[in-house]
Structure formats: C-alpha cells, structure tokens
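Here chain A shows up in two complexes: once beside chain B, once beside chain C.
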Partner chain A sequence: MAYSNKVIDHYENPRNVGSFDKDDASVATGMVGAPACGDVMKLQIKVNADGIIEDAKFKTYGCGSAIASSSLVTEWVKGKSLDEAQQIKNTDIAQELALPPVKIHCSILAEDAIKAAIADYKQKHGG
Partner chain B sequence: MNYFQLFNLPAKFDLDLTELGSRYLKLQKQFHPDQHSSGSERDKLLAVQQTANINDAYHSLKQPLLRAEHLLALRGLKISHEQRSFTDPLFLMQQMELREQLAEIEQSADPDAVIDDIERQLQQQKKQLLQQLATALDSETAEQDHLAADLIRKLKFFFKLQQELELIEQQLQD
Partner chain C sequence: MKLPIYLDYAATTPVDARVAEKMMQFLTMDGEFGNPASRSHRFGWQAEEAVEIARSQIAELVNADPREIVFTSGATESNNLAIKGAADFYHKKGKHLITVKTEHKATLDTMRQLEREGYEVTYLEPQTDGLVTVAMLEAAIRPDTSVVSVMFVNNEIGVVQDIAAIGELCRSKGIIFHVDAAQAASKLDIDLQTLKVDLMSFSGHKAYGPKGIGALFVRRKPRIRLEAQMHGGGHERGMRSGTLPTHQIVAMGEAFRLAKLEMHDEIKRITALRDRLINGVKDIEQVFLNGNREHRVPHITNISFNYVEGESLIMALKDIAVSSGSACTSASLEPSYVLRALGMSDELAHSSIRFSIGRYTTEEQIDHTIKIVHQAIEKLRAMSPLWDMYKDGVDLNTVAWVAH
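What follows is the complex of A and B.
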C-alpha cells in the first residue's frame, strides 16, 4: 500500500519524538493502544499556567500511519488551549495525511491519545 | 454461523485440537467440490460455499484468540472488528517498556541472551493471560465475558510483540 507524501515526511522526520518527566506537575500523559495491530502510542503535553499547551511529545510503536498521526497531533496541539485541543478530530488527521480507509484507525488512535492526555491533566489538577 | 456446531463439538474454549483436525478432514472430504462434480450447478455451488465455511471455521477454532472471539460473538459480544482504542495505562506502560527492550536488542552486548530473556517474559505473560481467559470464558456470565474480551485485547498485544521479536531474531541471523 502506498503512503502519502505527508505520511512519509512525518515517518522519516517525526516531530517531537521523546518523553517529558511524567512526575512534572505541568506534564500530562495519554497512553492508548490498538489491539488489532498491537500499536502503542504515548502522547504527552506540557501545559503552562494559562492552560495553554506549550509543548508536546510522542512515542509510538506502530505502522507509518500511526507514527505520522501522532507526530502531526503533537504539532497541532502546540499553542492550543486544552479545550481547543479537545476539538481535534480523527477525520481532520486522516484528511491532512490522506490516510486510506484501512488506516483510519491510526488517526482514531491519535485522537484518543490527545483526549487521554487532556483527561490525565484535568485529573491531575482536580478538574 | 456457529463453527462449533459445524464440527459437532461443544462450544467451549478448551477444545480437543486433534479431534477438531480429524473432523475437519472428514468434513472437507464430504463437501469437496470434486465429490459433487456430477451434481447440478446449484449443488456444486453449495459444495464450494460449504468448503469455504469449513475452512474458515477450522482456522478460527484452531487459534486460541480467534476461537475465544468466536465464542464471545456467539454470546453476543462482537469484538473482532472493533476500532476502539485500548486505554489501560498500566498495561500500555508495560507494553511500551517491552517495545523499548525490543528496540535495544541490537545494541546489546549479547543479543541472543536478551532475546531469550524477553521470549521467556512473553511466554510467561501469554500463558497467564490464556489461563485467565479460559477461566473467564468458562463461567459464561456477562461480566466474565467482558473480562474475557479485555484479556483477548491484551493477548493481541503480546502476539504482536512475539511477531516483532521473531522479526528481530531473523534480521540478526541474516
């Protein structure tokens, strides 16, 4: 199956790979996995005092589309408020990366990862 | 379609694989399209369809995860095509760590020893999960069925890790 140029770009030059210290109070972590293909995705956000996501990192073990989806999301969420980041839809990710139907679940995984990270932040901060 | 019924076997997770194999061969012979070559077009078509069903059923029942999925589907819990993300953070953290161990194999001083070590971990975890799965499926309650579904999801991650490990092993040998 052919990957789109955007997927290949993110796959070969993934943005924001890595980890933050999960015990840092400003850091929140979203962990999700896809049983069907065994992909595992970790997405972390660093939120400033104004509730703005100032940095994001990811680590994904999975196919090119899963890596590209999480890489793209870390780019998109930077500078966004938690509420704005919450609005990111898997369909936007799939469209941006021109994912074929069989890879839509990778974009769902990335949407769920950012939602899980936001939920983790709210839980950590009693929201 | 109830695959267990097709082979006239009890709908249980604990399955006699030798018995399954011999019933499969018998059914396959019985419905082989060649046996129906003198029949009508309709008979021939039915035989071809039935052969396909028998093959599907055999391959699903032979593999523990597919068998467990089929058993749950018969009980009204369909998970084979679900696209829902798995979100158990502790389990996923452990998966992440195992993936990191796999990624570090190549750089290690003694890759074979590391592979053996991971292999042992994977086998042990898989064995445990499969035992829990068997117990959960045997109790036939809705609550235990949902637990079984989660165990199947976890096992899929371990089967994937096993594949990845075998791939690394092959690459190291080449």
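What follows is the complex of A and C.
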C-alpha cells in the first residue's frame, strides 16, 4: 500500500513523542485501543491555568497511519482550549493525512484519544 | 548495494535468468510455439516433446514417474484439484476430511467449499511449534475419513511436517493423503518412491520458475483417481483440460532441473545466511523465533518483535522487502491465522515479520538488514506505550483495553 507523503513525514519525523509525569496535576492522559487490535495510542496533554492545552505528547503502538494520526493531533491540540480540542473530528485527521478507507479507524482512534485525555483532565479536576 | 533488498522469496521468486532464456524459445514464430496437443504436424510434435521433457524434469526432482505429473496453473489449482477431485471421486467411502489450521488458504478455502457441499472437515490445531503429530491425526480419523491434507513446509513459519509418518498412518487406514509442497520442492529432498503420499502439489514460481504454472503429482501405484474439476479437451489424461502453456511448462521443468543440480549447495548457503540473520537480531530484548527450531527449512524465518506493530516495522524497514505475519497491509486487520493457531497472543502475532531468503541473497544484504532492524526496533519501541508498560512491569493481560 502506498502511504501519503504526510503520513510518511509524520511517521519518519514524529512530532512530540514522549511522556509527561502522569501525577502532575496539569497533565491528563488518554489511552485508547488494544494490543489485540494492533493499535494502542497514549495521548497526554498539559493544560495551563487558563484551560489552554500548552503541550502534548504521544506514544503509539500501531501501523504507520496510527503513528501519523497521533503525531498530527499532538500538533493540532496545542494552543487550543479543551472545548476547541473536543471539536477535532476524525474526518479532519483522515483528510489531512489522506488516509485510505482501511486506515480510517486510525483517525477515529486519534479522536478518541483526545476525548479520553480531556475526560481524564475533567475527572482529575472534579469536572 | 542495490536497494531495496528482496527478502520475500516465500511470496515469490524471480525467474532464474537461465530459465527465462529457455522460456523465450517457446513463444514466437522462430521458436517452438506449437500446441502440444496438435497431432498432425511438426509444430505440435516438437511442443509435445518439450512438454514431456519438462514433465520428466519435474518428476526427477521428487523421484516420481513422469506419468504421475499433471500440469495445472499453480499450487492453488493443484490443491483444489487434489482435494475436491479426490473427495468427489471417493465420496462413497465417506465425507469426512482432515486438514490443519495452519494450511495455506488454497487448502482451507477448498475445505470450506466442500463443507458447503455437505462434507465434514476436521481442522487439526498444531502444537505451539507449528507441528502436528501422528497421534493428533490418528485421534481425528474416523471410519468415514476419505482425504487428509497436510502441507509439507508452512509458508509463514517454515516448519516441516513429518510427512513420512503421516503418510504411513494414512496408507494403513486406506485414506488418500494430499500434501501441499509449494514451499518444499527445491528446498528439501522429496522422494515419492518412499513417501506414502498419494497427491502432491507443486508451484513453479516458488522455485525460480514463472508464475501461472504448477503441477500435481497423482500416484499410479496404488492408483489414485480424481474427478476432473476443469472440463474440456481431455488434456492431462482427462484430469485437467486446457491447452498446455508450453513456455511455462518448459520453464518450470528447467527450474526444477536446476534445483535438482544445485539445491544441496543452495541449502547450505541459505542456512549460513539464515544463521547470520538470526545471530544478528537474537540479542534484541523480547524477540522470539516462531515455529519448531529443528524441523524447518532455512529459507523462511518468522520472528516476533514484541511491543512493535508489524506494519509500522515493515514501514521502518522500507528498503527491505519482507512480509508481516499480520495481515494489516490488506483490508483485514486480523493478525496472521497461522500464528494465532500456534496459540500466540494477538499482539505478538501483530508483531511478527517473515524474512525469506533465496538464491540471490548476499551476506552484505543480510548485514544491512540486521542494522536496519536494530534501528527500527529502537525507534518504534521508543514510541511504543506497550514497551513502556512492559518496562514498568505492567502485565498487559491485566489491563482493561478498549477494543475497537
């Protein structure tokens, strides 16, 4: 299968790989997927006092499209409020990366990862 | 060194230049283009002679009688013809068939079709090393069992089944025994004078011949009968109608002739390269070699790199042509059914790569592959949340995953 140039770029030069200290109060973690399905994404966001995501990091076990989708969303969520980040749609991710139909689930997983991280933040902060 | 490096010889092999040279002599007006079934002129007679020479060359590699070789379009068709043809012909004996879960789809899907037609099929689950035992087979045999089909060499993990012992058991019970030898011919010695095999499938393109040609061995003593699956002019003693593709047959014959001459040297060379590859990657943490260590052919090596997903690994090995134990590259997201049948976890099955070595593989290519594998594993594990969890001592089986 031929990958789009954007997938290859994100795969070869992934943005924001890594982890934050999960015990830091400003950090929230979303982990979605399952090893048995061949995809696990961990997305972490660091939220400042104004409710703005000031940094994001990811680690992903999965195919090139899954890695590219998670790399892309770390770029997209930075600088956004939680509500704005909540609006990111899998279709936007799929379109940006030109994912083929069999890889759409990777973009869905990336959207789920954002939502899971936001939910974790809200839970941590009595939201 | 020319990139990419081809390490997918189990998928297909290039046609040997000597074979291609020979093949080209049977196509054009200047060559021997005749229809081997034409009885009325020299063009036909010459083509027929070429076909019969090729038939002998194929028979010689496996110590069979040339009259026992039926040409087909490939091993898939040979498997279909053998299993459906024997099941149909011997259906009065019974409608129970036995095969193994790790067979090629050409066997499994043929069995599925026979199930739809009213046959019952038992799918043996191999041991975790990929082998089936005679005891397993014996326990599955019933009075109405008519056909057993077991592959010689597994195409994903390279293990070699005990065809001699399975053949003895089948013969003693009067059961027809079919063997898919697509990955075995030219990779190990096959002696059909001693093996109690009734039907054996061969492929041209797995042995440096062209695609689109294969053969089925159909034993004469004791005589095995088949119901034809392709009807027409009654070619191949009525078992497989259709004009014989002289150029492909001649090429397969030449490929098998070369295999007989060169295979023992080639096996030694490939074994050394395989050992070099395994030694080069075995010190990476959490790396597993799949399938029985002893009963295997050297040209197929299947390795699991735990906590790294196979498709991304293949992407990281971009200058190396290998295939994933995981079928993620197709529309299906299922991990390899072969590895699953060995009892391997889904995530380990998703993390598996098949390296298959062949005639044109060099030490330099293997060394480059080892280097690239190390880099890829390091990069992907640094990115893998599962690797972090493993390093933190988390048992992945205890995590409540959200399957999707």
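The rule is short, and it goes like this: the second predicted complex is superposed on the first by the 123 of 127 C-alpha atoms of A that agree within 3 Å, B and C clash if a C-alpha of one lies under 4 Å from a C-alpha of the other, contacts with A are read in each partner's own complex, and residues count from 1 in each chain.
One rule holds for everything that comes next: contacts are C-beta pairs under 8 Å (C-beta built on N, C-alpha and C of every residue); 3 or more make two chains touch, one makes a residue touch a chain.
Here the structure is a predicted model, which means the values were calculated and not measured.
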Fit-or-clash call for chain B and chain C when the two complexes are aligned on chain A: clash
Which superposed partner A:Tyr3 touches (first chain B, second chain C, both, neither): second
Touched partner set for A:His105, first chain B, second chain C, both or neither: both
Partner chain in contact with A:Tyr11 - chain B first, chain C second, else both or neither: second
Touched partner set for A:Ala36, first chain B, second chain C, both or neither: both
When both partners are placed on the shared chain, which of chain B and chain C touches more of chain A: C
First (chain B), second (chain C), both or neither touched by A:Lys59: both
Chain B versus chain C as contact partner of A:Ile67, first or second or both or neither: second
When the two complexes are fitted on chain A, the stretch of chain C hitting chain B, from 92-100, 200-208, 254-262 or 362-370: 92-100
Contact residues of chain A, present in both the chain B and the chain C interface: 31-38, 40, 42, 59, 61, 105, 108-109, 112
Footprint of chain A on chain B - complex, ascending: 82-83, 85-87, 89, 91-93, 95-96, 99, 152-154, 156-157, 159-161, 163-164
Chain A-facing residues of chain C, complex: 307-312, 315, 326, 328-329, 331, 333, 335, 345-347, 350, 382-388, 396, 401-404
In the complex, chain A residues that touch chain C: 1, 3, 11, 14, 17, 19, 31-42, 59-64, 66-67, 102, 105, 108-109, 112
Residue ranges of chain A touching chain B (in the complex, touch as defined): 29, 31-38, 40, 42, 59, 61, 104-105, 108-109, 112-113, 116
